[in-house]
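Before anything else, here is the set of structures, which you'll find just below.
What follows is a pair of complexes built around subunit A, which joins subunit B in one and subunit C in the other.
So, the complex of A and B:
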């Protein structure tokens, strides 16, 4: 689907019910918050998330997206935590500051927690069509209008980009020079953003009318063109995942109290 | 101003070959209709004229300028462009300022900007709305405003993409009259339209495109009378042509008065025979 992370495919991961995948995402989020140290976090990532992405045929986009997002965190967290966490093992001196082993470890641990949570979300987004996810959520009680808001905000960006390109062309055709220095750039904002914002506002009204013409706010249960495949096994698995999450949270609270 | 396309190729990044070796030259002051089905390459072709697209191969020349050496903003001083959807360019708070935007970009003097924009507004019939907000105008008026904004740039070449769409009879006639007037004043006009009745009424020459090629090129009277050609290009023949063919008339005049003359002559001859 254009403008989302979704990569189409027909793997087992793709075919899982969206709620099952959502439950997995939440489980990985709980992992990110509760696993005790760097080793556990990395192990969970390598043993669970990486094979799952491979199962979905998504190994490359998964690892690439992870790398792109996590690298700046690794660098900034290592520097900040590394230099500002007091510790016994100095590794490196710079202008009076000391990089400690403990600090570096703390920085990397936080980064790996982010990686864990990010990886879980990525698996969901890469393998699930957003409209399928929203359908699954509305079936289980999410208000339809809320689902619509989420879906349109996902889909609006590519539309925005396309329209911005057309506007750029139209204004250049009216003699607007866009390759100008940075100070003159500011003056380009009005002719370029103006039509974008104004036409989007006009759009909203038309969209609202089109939706109502198709009985958007009609009360009662709606049917959908999309078919969601579920199975008793998955239903059970979701409850299992929920229990596992609760257990992990309980375990980590117990650890915090007992230490 | 003369225009020429010499062995022009263009392929979109999606892999669609939109222009497949186009050779076309348009003389100064010609009024050319470019027709063809959706996706034939019409819009791609004209976008090369002001550098919104750059050819993958071949050369596009506007006057004495090779478009490869000029930016779109520079070419805008020679080629005025009316896009299909006016909402993609209107942004000013007042109609008059909107019309002045193009001329100002082209570096006209304040006096020239004021006179050109006012006369353009008068031409399209929006002079009374000069202080209104463009978004308070009706959609068909916004299209006329976009036309005025193009006219005010005073370019020797004018490209219009579906100008008659969404216009009522009066708007259509007005746009037609404006184009005819510009034509007599020597502007080179390129008209893209699916509305062959409109093309037949105002243009002199027709270029028929299909699949990135030029299928036919000639006087509108000749081209639009060829039913099989138009069918191949998947365009709908003008009403008068269909009528002439249904009557089995030997000729197919494109303008109502010409049709009436030809019909009465033909009818008289037939009665005598």
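So, the complex of A and C:
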């Protein structure tokens, strides 16, 4: 699907109601914030997220995306926390700085929290069409105009990048030099942003008219070509997930207070 | 179908009316072309017919403008959306951006009208077949050519089954093939008898081949009105800055050299030109 991470399929994960998957994503976010240490976080990732991605037939794209996103975090957090968190187990010396075991563990723990939160979001994006998610949210009370903004930004943003490229090429054709140092490059933004912003403003008026021509602001109930399958079991599961999230947050607060 | 009586419209802050005392009647099912130089009021006519002037642009108006039984300036855009369709020149800006396939894009307006899913499905399939878009139904609207996107834009409006279809230079950014695709669709629609088509267009050869009637605008007023063949052969079009078809220009040049008598009427279509030069 153009401009999205969605991988089409007919697995059980794909067929779940978008709000059920959204509730799971929030649960993984709560896991990321509340689980006490690296071991718990990695265990949750391996026991919950990896099998779920396999259930959805998404194991490869899921692990690949996780790897691409998490690697820079692992490297940067391990270095920063490893060298600057005080500890008693020196592992490595570099130019007067000491990489400690405690620091490295702290860095990896933060990275695994990010992995857990991002993994949940990735699983949602890989298995759910954005328009299905927005439809589910609008039926739950999200304003239609907000859902429209989210959906159009997914598809129209790449078009602005294409237009910026066209403008840049047009400016180059008129002698604009782009292979210059960083300060001169910043100055290049002016001839690029002017036409881009102005043409976008003109587009907005025409786009608004096109939407009006298609009854976008017509009052009354709107329907959808897309069918959302839900069940009492899933409805119940969403309440269960919400209660579990509240319990985890409560447990985390109790732990913090008692320690 | 369309009845306009002494209609004037002023954009906000303007002293000169963009439409000045328009009197016009267009019967149901007519394919009506609108020509004129830039700033003549052609686009404003499109906006007035579809209710965008005054409801979107605001401004002031006077006179009467009725489409069917609907008093356009006194109706809301929401009421007009399902009855009067407007297609613009920029096909890219007409893609909603909120749907991921051509099929869903066509359904977007029907969803806003609150139709039941079965009815949406039926109308989408019917429109896909009518506009010959079935092969592109599952493609992203953004992955199509300009001509194909314009066909999707027209299909999206047609699915709402408007009584009147207003098009403001829909082929201006299209190549000859895309232009032909659009004109064939319009011809099919007007030919079926149900849809009235008002088309603003600079490509006179195409208007000559397809339109029943041509209205010429200048400075917010209608200055010529008649059958496409009669109006497009009129020399006044040159003075108005509208130009003439290539066939008319060639024939006029030959007549000037006195190779062909002046009594012979100037051609506006390829067929007429063939006869003229024979």
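The rule is short, and it goes like this: the second predicted complex is superposed on the first by the 213 of 259 C-alpha atoms of A that agree within 3 Å, B and C clash if a C-alpha of one lies under 4 Å from a C-alpha of the other, contacts with A are read in each partner's own complex, and residues count from 1 in each chain.
Here is the rule we go by: a contact is a pair of C-beta atoms (placed from the backbone, for glycine too) under 8 Å apart; a residue touches a chain by one contact, two chains touch by 3 or more.
Worth saying up front: this structure is predicted, and the values here are computed from it rather than measured.
Peer 1: Could you look at A:225 and tell me whether it touches subunit B, subunit C, both or neither (first, second, both, neither)?
Peer 2: The answer is second: A:225 touches subunit C but not subunit B.
Peer 1: Scan A:93 for contacts with subunit B and subunit C and give back first, second, both or neither.
Peer 2: A:93 contacts neither subunit B nor subunit C.
Peer 1: Touching A:148 in the superposition: subunit B (first), subunit C (second), both, neither?
Peer 2: A:148: touches subunit C, not subunit B.
Peer 1: In the overlaid three-chain picture, which partner chain does A:215 touch, first (subunit B) or second (subunit C), both, or neither?
Peer 2: second
Peer 1: Which partner, subunit B or subunit C, touches the larger number of subunit A residues?
Peer 2: In the superposed model, C touches more residues of subunit A.
Peer 1: Taking the superposition as given, does A:190 touch the first partner, subunit B, the second, subunit C, both, or neither?
Peer 2: So A:190 only meets subunit B here.
Peer 1: In the overlay, answer first, second, both or neither for which of subunit B and subunit C A:174 touches.
Peer 2: Only subunit B; A:174 stays clear of subunit C.
Peer 1: Classify the contacts of A:129 with the two partner chains as first (subunit B alone), second (subunit C alone), both, or neither.
Peer 2: second
Peer 1: Where on subunit A do subunit B and subunit C both make contact?
Peer 2: The answer is that subunit A has no such residue.
Peer 1: Touching subunit C in the complex: which residues of subunit A?
Peer 2: Touching subunit C: residues 1-4, 129-131, 147-148, 151-152, 155-156, 159, 203, 206-227 of subunit A.
Peer 1: Can you check the complex and tell me which residues of subunit A touch subunit B?
Peer 2: That would be residues 163, 166-167, 169-179, 190-191, 193-195, 198-199, 202 of subunit A.
Peer 1: Please output the residues of subunit C touching subunit A within their complex, sorted ascending.
Peer 2: Its residues touching subunit A are 50, 52, 56, 77-78, 81-82, 85-88, 90, 92-94, 96-100, 103-104, 107-117, 120-121, 124, 140, 142-143, 153, 156-157, 160.
Peer 1: In their shared complex, at which residues does subunit B touch subunit A?
Peer 2: 47, 50, 52, 71-73, 76-77, 79, 81, 83, 85, 87-92, 101-102, 105-106, 135, 149-150, 153
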